[in-house]
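Shared between the two complexes below is chain A, which pairs with chain B and chain C, respectively.
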Partner chain A sequence: MKTKMKTSSFIIIMVLAIIVAVYTLMPFFLVVINVFKSANGIVADPIGTTGASFSQLLTNLSNVVNNTNFSFWYAFGTSALITIVSLVLLALFGGMAAWVICRNKTKWSTAIYMVFIASMIIPFQVVMLPLISTFRDVGSFVGISMLQSIPGIVFAYCGFGGAMTVFILTGMVKTVPYDLEEAASIDGCSYEGIYFRIIFPLLKPSIVTVTILNGMWIWNDYLLPSLMLGQNGRVKTLPVAVQAFVGSYVKQWDLILTAALLAMLPMIIIFLIAQKQIMSGMVEGAVK
Partner chain B sequence: MKAFSMGRKITSFALLIAGAVMLIIALALDFSGSGTSFRGPLLVIGLIALLAGLYLFPTLKYHKNIINFLFLFPLLFTFGVTVIIPLVLGIFYSMTDWTGIGYTQFVGFANYMAMFKEVSFLWSLLLTILFVLVNMIMVNLVGFALALLCTSRLKGVGFFRAAYFLPNLIGGIVLGYVWQFVFNNVLIQLTKTSLLSNSGPAFAAIIVVYVWQYAGYIMLIYVNGLVTVPGDVIEAAAIDGASSFTTLLRIRIPMIASTITICTFLTLTSAFKQFDVNMALTNGTGSISNFMGQYLTNGTQMLALNIYNTAISKNSYALGQAKAVLFFIILACVSLIQVRISNKKEVEM
Partner chain C sequence: MRPAVKPVAARHSGGGRFARVSVMAEVIIKDLKKVYDNDVVAVHDVNLHIKDKEFIVLVGPSGCGKSTTLRMVAGLEDISGGELYIDGVLVNDIAPKDRDIAMVFQSYALYPHMNVYDNMAFALALRRVPQDQIDKKVREVAEILGITQYLERKPKALSGGQRQRVAIGRAMVRDPKVFLMDEPLSNLDAKLRNQMRAEIIKLRQRINTTFMYVTHDQTEAMTLGDRIVIMKDGVVNQIGTPEDLFDRPVNLFVAGFIGTPIMNFFEGCKLLLEDGVYYAQIHDAKFKLDEFQQNALKQNGQKACDVVCGIRPCHVTVGEGELTAKVEVNEMLGSEVNLHTVCDGDEVIMVIPTMNLNVDVSMGTEIKFSTQPRLIQLFDKETGNNLIWYDKESVEANAPVCKTYNF
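Entry: the complex of A and B
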């Protein structure tokens, strides 16, 4: 009798899980089936497959990809470039700073660490307006365009992502035994060599974590690029391009949904490849 | 004893001098206001040369300090320019008549007074608090329920976890538009009028989307907490005759108290900062016929969006900045409370 009850509870749990999964995936499903339809087809039947055809998908795709307001490949390339460069710099500089902060117990390093930790509570909204004016002033003063430029936005991401990166990596550096560094030093390793040859390779798991956390945030960020690059600027990241595109094609759902699909696809593909790392990275980032 | 080669000494000094000269020329050009286009690259190259020269500087005594400085410099520099300077300027600007470009006079707390006299802002504040409270409860309940589901005997757990987490991967702007489609074109066949056209249902719609997006993430954290509860404790409870519900209430929940604290504050702060979904789904529109004797058109506008619109759309930078400072103060208080609570918990354990 006990096994019978277990099977019935198993079925209930299974059914519940499936219902929730259907609900969670429903919007994605709706996007996928509607990109196969024309604008009229979507309005006529947004749920079923009537009016869906493969040639219509190609039409929608070419309409969106070649659209001058969206210019998918350009926006995609910009987003990818900004994200990758920011992530590499954050991992490199973050690890260096974390090591120095962790291994030098002076009042300066403690103070710097405290400032980094405290700054994590600063919401972007309180710095965004002065940030734009500061970047504009600094940019025009030194003659380097900081707004509407990719280097400027990478610079900003290094500034904003620095605190969290240092926080997580410092935790990791603490776990590396100091004896290792002493041994390397006795063997004739230079001070900076200790970091690059000993510490940096050992930090890898935590660098994966910070890269995932920073990557999700930078790739999906809308507010910072929209303020720095402007809605209709020359340089656009993917979220800014989607926003600008939707603004110019209100209610043209065939185009909007295709654009949304294209914007979602890179992230979903990466998730399918590195699902385990992403999920555990997100949890580690929150728990620490 | 010859610790450093001649070549290194020469390179170091040459780089230091060249870097300093380039920096001085670039800065001189900056101050003289000449528009030459190479002054920017000159400054950057000069800075890099200076740092490289510093790195090669032939000294044993100070080498460690120089490396420490060079390792800290990039992050501290970007951090200072993007966070610290704007924060200090922002607090100052909130007390002036700043226009986004410059200011003419110091106005004290006038912006803060104006802010609290603005009925639409008070509405946003109230709405945000309501949103945060509802969300905190909903996301945690749903996330915890999903975590229980995902830790029970289930076939294909990996698939379900991934499916529930999936919405969290996509940015709020894209999700907002996808859901706008769902509400306006799909669910309208059930609801007749769009849920987004009236303030009340539209507010509920934002909550639905937000819970949908965030619950999967919170679920992962709860799963992480639940699997740390040792199996023999649960087994012991089962032997003592505790039902699975009692075990949950008396053993599993108390044992993951720290996880609950983390999730509560995570949902609290993130809901508070909610911007993207709010903007893409309703853009804050929606009419409120009577709030404190006024007719409002920003029925679903949350605080973050209100700040953005005040500054960018209405061009009142100083007022927007004052609102942002209040926003910061509220968040800082919340974070301080969190730190105190989690410290207390750690002491008890």
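Entry: the complex of A and C
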């Protein structure tokens, strides 16, 4: 392959790739070099390494973690809980929905599928304000606080993430031969057994994919939690909590960037650990 | 509501290798019918009594309802009408898993995420058979099928033939009452298919249970089946042994479907009745029918009429004879030669053993040929029914067999 590719086009592609990589990684690079500096150091030389020291990083970290306004561990735990619960529910129910939609071809199942697809097209910004008032009404009607609560935001994430999850998993279910389900039902599987023992394991590659996509989005999301949980609410996710360092007049850049790095870190670590599976999840099923 | 299905564990408990607690596994199909939502009738009132340990083959062209019938027996399709009994129990509304059947699919349907061992152990594990018994059973079956060395492999790392064995093994470990096979060999290449066919025959002798086998390949049907059910457009055309179907086809469809190359049909023939003696007239040649045919026709009160005569390619002799044909294609197959000829507008295929060949049969030559009158099949020109073997009563009962005579 490589030898066949013309040298000139190879060079062009590489140059383009490098430009895109630099462009994408620049913000991350700025965060990384600036967490080693004090607030003044950052303002003095934002893109150089002047004033950077490892001891300053430790100072920044301890300032962030011990800041009572920020309450890092609490926000971290909240983010983790919301993300994990949402992802588990999305994978479980998304798979079920995809399976049923795909296998019971009726007018209704097609209509429901179309609703899922349609909801992907609508931008979040269009629905966000009606959503908040609806959640408030529903919450007061059923007596459960939907706003400023973890169940409420998990519910919202399942709704927003459900469309893409169902869309991707439906495509995957279509590739699972129906014979397998019939064989399983003859072998003695119940309806639930067929899902959990046959369908769910076979959806694994796609479930990894949707979990990565949803996970990155839910973990990093700022807008929905800021609306649903509020700036000064009881419950805070990491991205919302970082906001604590942003004042109207003073921006504590050292703390903002350190907190941002801490917020990014889990996703980066997970990506590095699960890289092999993520990549195989994206290509598995492509070749028989 | 629960059927009289003995738990597998109970049946596994005793006995040696494949010793079965004598499970009677008769399958009785009464007026079985399948009508789809769009009013398409896939299967018309099928009646079939499959005896214990019998090997039944359902054969027919694509879309004839054979697979649908099998799937209704398996419980994968709802039964629109009629009754289905397995081992004396009405199973119409019983879930597939409770019917105590096993099925081998055309696509093998092996679970891709499980290795061979788990694929085979799956059904037993679901029935909560103790682990040591599962292990024993799986290894025993793997040994018989010669797949022991592949037990740890995933299905995708196996060849077609090996996957086929695993699929059969998965069905075997359960000791089912009825073994259902839906075109199990059609995904294999010709050589492997012949090999697996022989293995199924061996296997059948070994596990000795009731088999229901669907195929569109009449060679498979003839070699495997104790009895064959031949279907067309959802209707059973004939139920009989391979010999019945070959020698005593009840109608033109059965006669044309069974046998390769297919039977030669001569249009515009006549059945003559002169002084109480029946003759078959094929073109200008007149054959005095055999004594058995004379008696049968007499008993049926058959009058002289227009008929279609059928002669199997292997029943033709060349060299001398009343009929003349021109050789168009000559296929030399070594032990025999297939001649594609034209006789007065009718295409006639002849299969002649080379050792009996003593005339020139090169392309373009005219040859004389004949047959023995007793090998001529006579079909009514209007209905296509065999004048001798068509049995009206059995057809009316939707379980058509060839007519029996006792002279």
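Following the convention adopted for this analysis, the second predicted complex is superposed on the first by the 216 of 288 C-alpha atoms of A that agree within 3 Å, B and C clash if a C-alpha of one lies under 4 Å from a C-alpha of the other, contacts with A are read in each partner's own complex, and residues count from 1 in each chain.
Heads up, the rule we're going with is that a residue touches a chain if its C-beta (ideal position, glycine included) is under 8 Å from a C-beta of that chain, and two chains touch if they have at least 3 such contacts.
Bear in mind that the values here come from a model prediction, so they are computed numbers and not experimental data.
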- Query: Can A:Pro177 be said to touch chain B (first), chain C (second), both, or neither?
  - Reply: second
- State whether A:Tyr195 touches chain B only (first), chain C only (second), both chains, or neither. first
- Message: Is A:Ile273 touching anything from chain B or chain C once the two structures are fitted on A? First, second, both or neither.
- Response: neither
- Task: Would you check which partner chain A:Phe116 touches, where first means chain B only, second means chain C only, and both and neither mean what they say?
- Result: first
- Task: Pick one for A:Val250: touches chain B only (first), chain C only (second), both, or neither.
- Result: neither
- Tell me which of chain B and chain C touches more residues of chain A. B
- Between chain B (first) and chain C (second), which does A:Ile186 come into contact with in this model arrangement: first, second, both, or neither? second
- Message: On the A-aligned overlay, A:Trp99 touches which partner chain: chain B = first, chain C = second, or both, or neither?
- Response: first
- Note on the structure: Contacts from chain C onto chain A in the complex sit at residues 74-76, 95-97, 101-103, 105-107, 109, 111-113, 122-123, 126-127, 156, 170, 174
- Item | chain C contact footprint on chain A (complex, rising order) | 177, 179-180, 182-190, 193, 198, 201-202, 204, 288
- Query: In the complex of these two chains, what residues of chain B are touching chain A?
  - Reply: 26, 29-30, 35-37, 39-41, 43-44, 63-64, 67-68, 71-72, 74-76, 78-87, 89-90, 93, 100-101, 146, 149-150, 152-155, 158-175, 177-179, 181-182, 185-186, 212, 216-217, 220-221, 224, 259, 262, 266, 272-273, 275-276, 279-280, 304, 307-308, 311-312, 317, 320-321, 324-325, 327-328, 331-332, 335
- chain A - residues contacting chain B, complex: 10, 13-14, 16-17, 20-21, 23-28, 30-31, 34, 42-43, 46-47, 89, 93-94, 96-97, 99-101, 104, 112, 115-116, 119, 121-134, 138, 141-144, 155-156, 158-160, 162-163, 166, 191-192, 195, 216, 219-223, 227, 239, 242-243, 246, 253, 256-257, 260, 263-264, 267-268, 271, 275, 278-279, 282-283, 286-287
